[in-house]
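Chain IDs A, B, C and D follow the sequence of writing; residue 1 opens each chain.
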Amino acid sequence: MEPKIRTLRDQIDVLNLEILEKLSQRAAIAEAIGELQTQTGSSHYDPVREQEMLDTLTAANEGPFSDATVKSLFKQIFQASMHLEVEQAKKSYLISRAEDRPDTVVRVGEIEVGGNGSPVLIAGPCAIESKEQVEFTAERLASRGVKLFRGGAYKPRTDPYSFQGLGVEGLRIGREACDRYGLKFVAEIMDARDLAACEEHVDVLQIGARNMQNFTLLRAVGRSSKPVLLKRGLSATIQEWVMAAEYLLYEGNPNVMLCERGIRTYEPTTRNTLDVSAVALAKQETHLPVFVDVTHSGGRRDLLVPLTKAALAVGADGIMTEVHPNPAVALSDQKQQMDFDTFDAYLEATGYHKKLTPERHEVYGF
Amino acid sequence: MEPKIRTLRDQIDVLNLEILEKLSQRAAIAEAIGELQTQTGSSHYDPVREQEMLDTLTAANEGPFSDATVKSLFKQIFQASMHLEVEQAKKSYLISRAEDRPDTVVRVGEIEVGGNGSPVLIAGPCAIESKEQVEFTAERLASRGVKLFRGGAYKPRTDPYSFQGLGVEGLRIGREACDRYGLKFVAEIMDARDLAACEEHVDVLQIGARNMQNFTLLRAVGRSSKPVLLKRGLSATIQEWVMAAEYLLYEGNPNVMLCERGIRTYEPTTRNTLDVSAVALAKQETHLPVFVDVTHSGGRRDLLVPLTKAALAVGADGIMTEVHPNPAVALSDQKQQMDFDTFDAYLEATGYHKKLTPERHEVYGF
Amino acid sequence: MEPKIRTLRDQIDVLNLEILEKLSQRAAIAEAIGELQTQTGSSHYDPVREQEMLDTLTAANEGPFSDATVKSLFKQIFQASMHLEVEQAKKSYLISRAEDRPDTVVRVGEIEVGGNGSPVLIAGPCAIESKEQVEFTAERLASRGVKLFRGGAYKPRTDPYSFQGLGVEGLRIGREACDRYGLKFVAEIMDARDLAACEEHVDVLQIGARNMQNFTLLRAVGRSSKPVLLKRGLSATIQEWVMAAEYLLYEGNPNVMLCERGIRTYEPTTRNTLDVSAVALAKQETHLPVFVDVTHSGGRRDLLVPLTKAALAVGADGIMTEVHPNPAVALSDQKQQMDFDTFDAYLEATGYHKKLTPERHEVYGF
Amino acid sequence: MEPKIRTLRDQIDVLNLEILEKLSQRAAIAEAIGELQTQTGSSHYDPVREQEMLDTLTAANEGPFSDATVKSLFKQIFQASMHLEVEQAKKSYLISRAEDRPDTVVRVGEIEVGGNGSPVLIAGPCAIESKEQVEFTAERLASRGVKLFRGGAYKPRTDPYSFQGLGVEGLRIGREACDRYGLKFVAEIMDARDLAACEEHVDVLQIGARNMQNFTLLRAVGRSSKPVLLKRGLSATIQEWVMAAEYLLYEGNPNVMLCERGIRTYEPTTRNTLDVSAVALAKQETHLPVFVDVTHSGGRRDLLVPLTKAALAVGADGIMTEVHPNPAVALSDQKQQMDFDTFDAYLEATGYHKKLTPERHEVYGF
């Protein structure tokens, strides 16, 4: 190396240490200010003050940096400081793994979800259509050892003229069948005003993809003590998804389970694109259990087995899938629900048949 | 051409006409069935019946088509019939241009939006932060001839710890300032339970991108008579967007205005990607006025002028943009709001200065 | 059910069978025409003829369908026929699983890829930077039982001023190291004019994501007998990807391996989104081996283990990943390459340590 | 404000100025090193040196920042410096507007593209199919005042069995027709090995979306003196697109025109999503002319007029569109090409009829 460069680098080394010293002093003082602000309840971020500091600095600037550069550099120093605060704040996000928070284990009756337990399985029809359909399905599922029954009583539909669900009547049908076959009942809530009815009948409140950023619904459900299954929005970033969970925890409900269900991409052969990285990152950055809805992820029956395998391999705590006595006549999602022959093959192919303990119930006379 | 091929083609021609005759007979009967079903209120789509027909057809099939092919072909014939019904249904969608419905003109006080009128402009701060900020902005906007003032009192925020808006107090501040300066007040509603408060203070109810498929909110606002501005969801298809508007019309509110605000794509240099095709198609397929929110579309101040020009060229009935007395200290969206110098240059560059009629008000002592 | 409806439905049933009969006759004749056309080498699709048939049909139409409807219906019948031909054609695509083609097993020396064999592992640095770097890496990889060494001599770079690879010199360095340590050499080819040089030094020709639809390169490599690793384009559909492979097979090269490497989506925390459905569908619809490049899929070191697990669970025949003696000083992809400590932990966590048979070589004096 | 806070803020103010002084000294020295490195031709970025500096700094760190924080802060200072260099480098990119480079005006014969001239129009069939088709189209286009004729002789096709273009014969047909009717000929080049043939027959070399990052093709065309039309890749970022142009300029060809053609998104009703922001940003950040291909952007005939209006409003220097004597029988892109009645209506609706000066030619006896 050029000796001239070496000499100049030595000078840089000295300056680095001097800058470090000044930055450390500055940080110590900023810390003290922050504490005072916390005590007096005033905001830490003060853009007016920041502007004044930048004005003073550019006024004093004699180069070689341009004024724009000085502003940019100090904004980066400010941002670095802010970033430190944000990082600290991040650690204090309730969803965060920071400070070695252990895995959240959500209890739904005797079922434990999360931690190191065996992955669970939520199954059932897309929509609750009739008492017969639900009784038939619940009995069959229980006989395979499934413990968590899903079925929508309120259905979010793009078209106002599509089947919108049976509402409270649907909740009652689901509750009764679940009670009869020893199942826990998972159902979507779409409106804060339905909370009392849902809490009465349902064991796990599901928040659907379209409502992931319905913040008033999040706040309402956050004030419930029922376990919640929070689906990722159709095009939500991972950050937006986990922050939606933060709303729930912030309001006081610790029993939150995340559910990846595929994201919207340009690929036309699948309904959505299952984002396994999101599952891995949600597990890594939060302490919450993470499900994968394999039915909506692919939107294809022939992908249910491989997507389930991928989801379990990447660390999912459970799988959600749709089963219907006769998918061809279902009122929604005909192409992706399984009948019971397909479901049995699915359990075998995914290894779930070894994980579930069937409980025989008297067959419902149907 | 091969004479053999010519002979065979003649045979095809005969068969084509025979098939047409049979299909026409079939259609006439199907039509009759459809009418009976409408009279008795039963569903037109009957998957069990469809399955039976397919079973009969494959049982009768002797080739050269495989059974799978026969099923596929007749499913296409059924679908073609269904498609006809859907097309008819589509014509009967309330949002549809079909049957030569004229452009909807939404009246907000004396302001007319849509039809062949001059494009309007909605401007104001992202969030209502204080009485001073709002009064100052409203006065300046009125002095430039802006008639529609926007300002959020309820702010949907990804992070539960971010500024969430002033709520009802914000609505009151906005109302008062609008009254003082002769402006109409546009503000977002996030919860059906806030409807009464919003109706009391607001002239145009905005439904934000995150709530575009919050169907309970859509239904509630659809039962109001206030004009509505419905933003396209972050990754909503055009079809999903106009069907969300259908919910509003279906519930009885005809005063619906659509608002494109950019969609989520892979491009990192813009916050969203403005979809001008969506504006053109929404104008083409519905009779509703269409706005473009140029602030959120690009998320960059340097794109406000070109995106406004593009939006107006493609036929938008109005533009929505954000103006703040001092964007650098705004509580949200600092990077994309305009100050008043920038706003004046914007009006000039986009030609809006010729379209707006300023009204002088006594300057608020600020 | 309404007896009237029952009667009408009976009439539909009769018509269905009559239409089937006519369609079958039509199909038989169309088949005969198709054979004649194949014999005379003329195109099967003849839009002028199609237009004439439609004109005749609408001229004959007396309702209840509108002319537009008749056109639409017959276009669907034509399309159904065309679709049948396409389906048949699809079966005759060389990549297709149709007609029970067995899994392609690609042989790279003694290594077998695909079929029911154990998944293989391709590892090595992003770019070949120096003899020392390559020798060091090759020796370490061989000592862990890796058999396939990757390293780019030609690097596609967005910026013309970035490091573009060592070219032929890089190929020579790679070849020499692979020979010394008993490895097979995988390297990207970017230009058909480099084919001779690549064929001389390389064991597997890689076609990169940016060149997936560089059809002249595909044709050239298709005329080689070297095994090819074809990466999916950054935003290629699954259909486009497997059709790019068809180019290779069509030109005569049967030794094609596909490689999923993540697709471009809106999600900012990962470089790309690994599309596990694409792996499953590529396995399902083609008989070719499918790899997953876990390095580029996530672009994050902390995702290498979970994405590898997901890829193997979903049926990938092999994994490709990047290893560098000192990632921090790499000339490209610093954030995603593994050093050897990380690589050993990776092998352990993914179970690859049980699948690979290490072969000890004399350590290169480095 | 708390007097304590005021005192502490005064201390911060002093430290800010001291840090500025040190940073300025550091920058001056870094600049000197940079110049020496430029002289000796060594790289400015030295990750090993950076690592050493970080090690020294963390060794010296005594808090209150953690070592991780110190590293992060100094990395930001280094990055800020690097960013300055990059910004300077950016200015020195040949495509950049920096240093007040004037608009590039590309001359194609007597036609001037870019600068403040009237927007031009490129029209013609997707593919050159026959002498008759081309002569007919060229004559009609010339009679409307179009000066730039497009027609593909080499067609990039997803399916290897689709029509791939007439090759050199197509180039000859195009050249002859253009000569007869006083048109300039725009045609795609797909392979560097075809450069001589293309240069002989073509006036503007088009690089297609699929080849935007075919760097060997870019380099070859960059060494030609023919004007180039560079399309944006199907999912290329704006940054990747303009850097592809940089390859062309870097190799010596200054006659580069950019062409936006829509990007791949989730929206199904349009073939691609026209990104008008990209047009605005390309105009803003480079000095090159920018076209919009309205045919591929929407993939729908009913969007050609509104997308053209949007493109011109946002500042495009020209439009590219597809015209065919009989789109229904075209060998590609049937759904989006215009016939001549539609084209005349298009010229009227977009205002192009006032911008073009028709030149009558003797009608080709066709």
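Keep in mind that, in the parts below, a contact is a pair of C-beta atoms (placed from the backbone, for glycine too) under 8 Å apart; a residue touches a chain by one contact, two chains touch by 3 or more.
On a predicted model such as this, the values are computed, not experimentally measured, just so you know.
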- Task: Compare the contact pairs of A-B with those of each option in C-D, B-D or A-D, and report the one where over half match by residue number.
- Result: C-D
- Item | Between the pairs C-D and A-C, the one where more C-beta pairs touch | A-C
- Separation of mean Cα positions, subunit C and subunit B [Å, integer]: 38
- So what's the Cα centroid distance for subunit C and subunit D, whole Å? 28
- How many angstrom lie between the CA centroids of subunit A and subunit C, rounded to a whole number? 31
- Query: So which stretches of subunit C touch two or more other chains?
  - Reply: 235, 239, 264-266, 268
- Message: So in the complex, the part of subunit D that touches subunit A is made up of which residues?
- Response: 2, 4-5, 8-9, 11-13, 15-20, 22-33, 36-37, 40, 49, 53, 56-57, 60-65, 69-70, 72-74, 76-77, 79-80, 83-84, 235, 264-266, 268
- Complex contact set, residues of subunit A against subunit B: 47-48, 51, 89, 156-161, 190-193, 210-211, 213-217, 234-235, 239-240, 243-244, 246-247, 250, 264, 328-329, 334
- Which bits of subunit C are touching subunit A when the two form their complex? 235, 237-239, 263, 265-270, 273-281, 284, 297-298, 302-303, 306-307, 309-315
